[in-house]
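Lettered A, B, C and D in written order, each chain numbered from 1.
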């Protein structure tokens, strides 16, 4: 007997959701595997969360938003975990203070592994048993994309945690392969236009802040084909870039002086050269690698020094959109984000189209303050706290980074950080008026 | 003998510049007159500058940027004043730390009066003697508009300084006339369009941040005809507006809780009613007056609570532009900023056109982060520090306030403040999608 | 053949030193054993050090001060450990910042175990091989007493670290046995006198701050036979003790208000009763147990409330000295500190003499600021930093606590803490003029 | 008819009290006279109070503690002054926050003059009319001595306020007369003894902290005949005294590094010499003048560097007591505090006895923490807050300074400051064991 098309489709959805869920969940555990119990527990700055906390939080997210409303006979895995592992959702109750995440010595990393396994089992059981699996598609997609975001945070945060250790500061051991010379920066030219911005086809997964789809008016502009390199940044330093207030936004100047910035985060002056801390430990700065771990203030000052500017997020999106469309090999861009290790060395971009280092190297600061698109409304309920409430005092970054999970980045994706933070994999793509 | 047209024109320019200069300079002294030596010396928060400092700083501005390059045989009035009264121009040398402005007990207010008189005399002498007075037009206009900005700051700051005094907190003594009932809020509707933004006719004075002239793409929207009233704000308070995190931007929520905000700045809970500190001292809140002294965070939370939003600065500019153009009585809007006292009570707007309380009541927070217009470049030299370096972490306010000097506000004017500050005369005009 | 007396004595010294060293070193590991890798890594406040750090620091102390000068062919176990595990000895080089001790995820707790074993082996080898073992007596005694001090700190600190955990806050699991009713407080009376203070027989081990031996002039006084109980402290709370400024030293009042103190550290208001966090987890406050974890400010306010005062350290020493001397059972006092568990519940004092709870219950705040005795000079070299440089802004505590290792406390011992700290096992013995 | 002896005595008491009251009150106004309204209003650091505040506070003290309980038909001069000008008396009600004293622009300095005159008149009227004037002796004495303390504070504070002014930093204009070379430091030797400490004859005015009279046991010691000079301090600086942690108490070392201390307060490195700010403005450091404006930490570090120590307050009192007693010219010491200007240049001591610079040059830091004498109890009521509640975290200074009013200092006087403060006229007298 042939199954009805509906059932067959259901079966496909069911297995696809389970496959998606399992893949993402396993990748998190693989990323955490090199880290010891101590590495997973510590919080070095308030921005950083412990690995252990990430692993638990993204599990709680499934428990809170998927199992609680959908699992028959739901019970909390542990009475305190919702309190401990809620990140910032005011609507679902009290939560543990963020700056004290590094004081949570119990549960242990192993106990969080047990928690993860238990929730995994229950989610899969629910997906296997539910009559209409497609009713959970949205939540599985949100939960897995949420977990992918935390995979990148986990790497950023772990990099910071291990960086302070004087006896061993590597996340994994691996040799640095010298970055290829990216060649002189090329300017790609784009005409003025009314362009489409944001998610048009809302059937595919996206975050709420990527819409509503709308139009923006652009003037002619040029965009750099690649990111600024460490070698170019050394010229900025040599030209007293960190000591010239006329290059800096006022808030940035005071921050920079207050913190004593002389170079990107993780760079250290070794007398005759600069070294840099990476996931594989400290090594000399490679002039051909893209500069990363710079704040918006530094990116902006660099652009001013170079006599140009940063792109707006609309210019960036329109340019990348156009470039893909015009490319004979659109797949190549996709390939750029299809690599198997998260700590892929910056600089090894694989795109063959004219715009390089778009999705897999470093997030690119934009000129655009992070604000809602026209007509934006946060979703109802706790999920409405996902993005909207952070739309103040931050700038948008576009693209993706070597830490971004494969398949996670996309054209309309809007990442965002405060203007002074530097522990993320952020780089600089320059723009200028045409 | 008839003067040649050129000479005649020169004479007109000369007398017009002298008249303009004298008018503005005298107004500053009139505004400072009600304040004692002590009132003029103290700095209650870092944002506030002493009256005495304002009076000296705007005088130094003429000395530094007008006399130094143009006066034959220039000598500094006092060897330390450039150090003491430079506000933030890094390019012209070291300066006194802002948080210590309130520690400057010498020179006295009277000595600063002497300084002002001496510079006035020299500027007027220069204007009278220079062969081509129009060569100084730009600097006189910049200097006088700069002084007008400080006139508003002087009132804001003096209001804050006297507010802390328990024995007498009035700047001037004057009775409060009950505000007229502004009636129910009306929504004015505007079509989507590509609109002109910024200064087109650059011959008229404007600040650099008002250009370049460019186009923006607007979607249909509605704009409130008047500002939110104190009475409406009381409803927000009564509905727990200050206690509901879902209404607030995250940064705003933490700021509000940290500072213990329960109402706008200067409001005080008197048990059975709210009182408010004004330039004429403390009195009961008047429900018909516009709410003022609210931060961007509060304005945004209020709009969210009301189910609408704040306008973008482009919507605001386009709407005001259209309204004036369509109005049969464009002069009425101009009249709105043509009043003879700076401390004109909020609420007494005189516009008769459909958009009310535009320029003379309270600055209106916009949805727009303060960022440069496309193609913006700061001017060369120290004057380049005037606006550009502050384009981060602030939002644009449009319009003008009861503290804005007559004739100072205009359609394209961009005021800006950090999202948390409240000591300025800021109010709320609502918008919504059409 | 009979060994010569000299050799025999050497053999005795040798085995005694090895025995002493091994006993102390093993006890540290036993105290750390209940704590996980995460528990041993975290630093909850700047005062607290991680267990792992304590274990390493006291090992480095032997490496630095014993092995480095005495071991033939000495080599550092690890090139970075002297930097990481130096606590505060400026004379021996740069050191890791104290507030970042909780960021050291590497070496692991197990690696520190290896470090300890290696140093233990080398110290024992040195003791076995050195011609004149008695030349190391002073250093072995200093090192082992130093380690005993850190054993108490380790327990205090671990108690604080685990206290923040909502899912499990116990160091070990053990049931609370209700404290016996200590009965009404009895006043013991002491005559005025010139009394001996400090270490007279310098042959026995003591810290430098216990001498020089000298005389002090005392007036007649009375001393409480036991510590203030939790039940008595509840009366102080009920009588608004924490809300009456007239009871408090001014610095204490501001500290208390600033920190929101309503009860001793670790107490929590459960609505109808108070609970307290202990090494065995949280349980109801037992009215018969001595109050512990109070600051000097609280102890002083309590004494003022009770109409009496705290003893001076000289009164305390003279009274305890006399009591032991007069007692028919001096051994009983010694027995009080001879118990086999460090986390012995407060309140289970075993002395049978007139002064109770002297050495084994809680350190007793004294009226005396921590200052050098007449003629005190710190030793030369790094060891001189052991005590002298802390003689400012602290008060002396006398006695010992349930956390003090057996045999560590003694009559002349001077413990000291800042007036506001509370994470130590400090209690209150009252005094009054006779 | 001859008045009865009792009446006659009353008349003497009456006129003596009025004379005493008027003399002290007038001296305060004389000290404030050189200061402008602005100078009298500003508060540069939390430790400093505005001159205007001092003038009002000491007036309120008479209103609160003398007039309120004794004046028939008492009414407050102004309903807010008790709130504004209460310094720290919790028992008499709420008060204005100390760090905001510099924000009080109203009342003006002139209005405070009016307040002072009104209270003066009422106090004198009360003294003239009361049947038994001697019943007010205690309060008049307390109030006038309290005012004298504030006269010294007023000078200390005014010196700090004017010090920040770049255009004129003098309190009064006066030339510096080079200090005479005090010659090599001489050590005076004192035998060990049981000595009397504190006020024995309680009939004379004294503060509560100077008693109870009691005995202390001293060991033989030596005391320097004069204070450490600026020239000697320059040697300490040249020998890296501010850069050698082994010389410093730990708390002092961190404070010094945190604040960047390189020399006493008010000293400035002018490249080829050091200058110092004084009441008469800035001038070169004079090597023969005593060093002043040093913290306890610096005084202690200097003494350690010099291989000696600071005296205890008991040594100081016993030595001064002995020296006066042995002197054939005890009056000379008294003469030392009988000078006619408060801002008498340090270094011009006039004693002819062996101990020099005792009462009229600079307060002398002692080794002794500020703690109550045996048997000390604060008085009942608000006056009990005068001294007792500050007996924590401070050290005693003995003697008096060039800023101390004539007749105010005495043998048993105990001044006190926190260990890190420097804005007082504090110097260093060395001691050592004999």
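Following the convention adopted for this analysis, a residue touches a chain if its C-beta (ideal position, glycine included) is under 8 Å from a C-beta of that chain, and two chains touch if they have at least 3 such contacts.
Note that the structure is predicted; figures quoted are calculated from it, not measured.
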Set of chains whose contacts include both chain C and chain A: none
Chain of greatest Cα-centre distance to chain D: A
Chain centre separation in whole Å, for chain D relative to chain B (CA means): 48
Whole-Å gap between the CA centroids of chain A and chain D: 62
Distance from chain D to chain C - Cα centre to Cα centre, in angstrom: 39
Multi-chain contact sites of chain B, meaning residues that touch two or more partners: none
Chain contact graph, described as a line, ring, star, complete graph or other shape: ring
Full enumeration of touching chain pairs: A-B, A-C, B-D, C-D
Chain A - residues contacting chain C, complex: 36-42, 44, 52, 78, 80, 83-84, 96, 100, 102-109, 161-162, 164-168
Residue ranges of chain B touching chain A (in the complex, touch as defined): 88, 90-91, 194, 214-217, 219, 245-246, 248-253, 296-297, 367-369, 371, 374-375, 384-385, 389-393, 419, 433
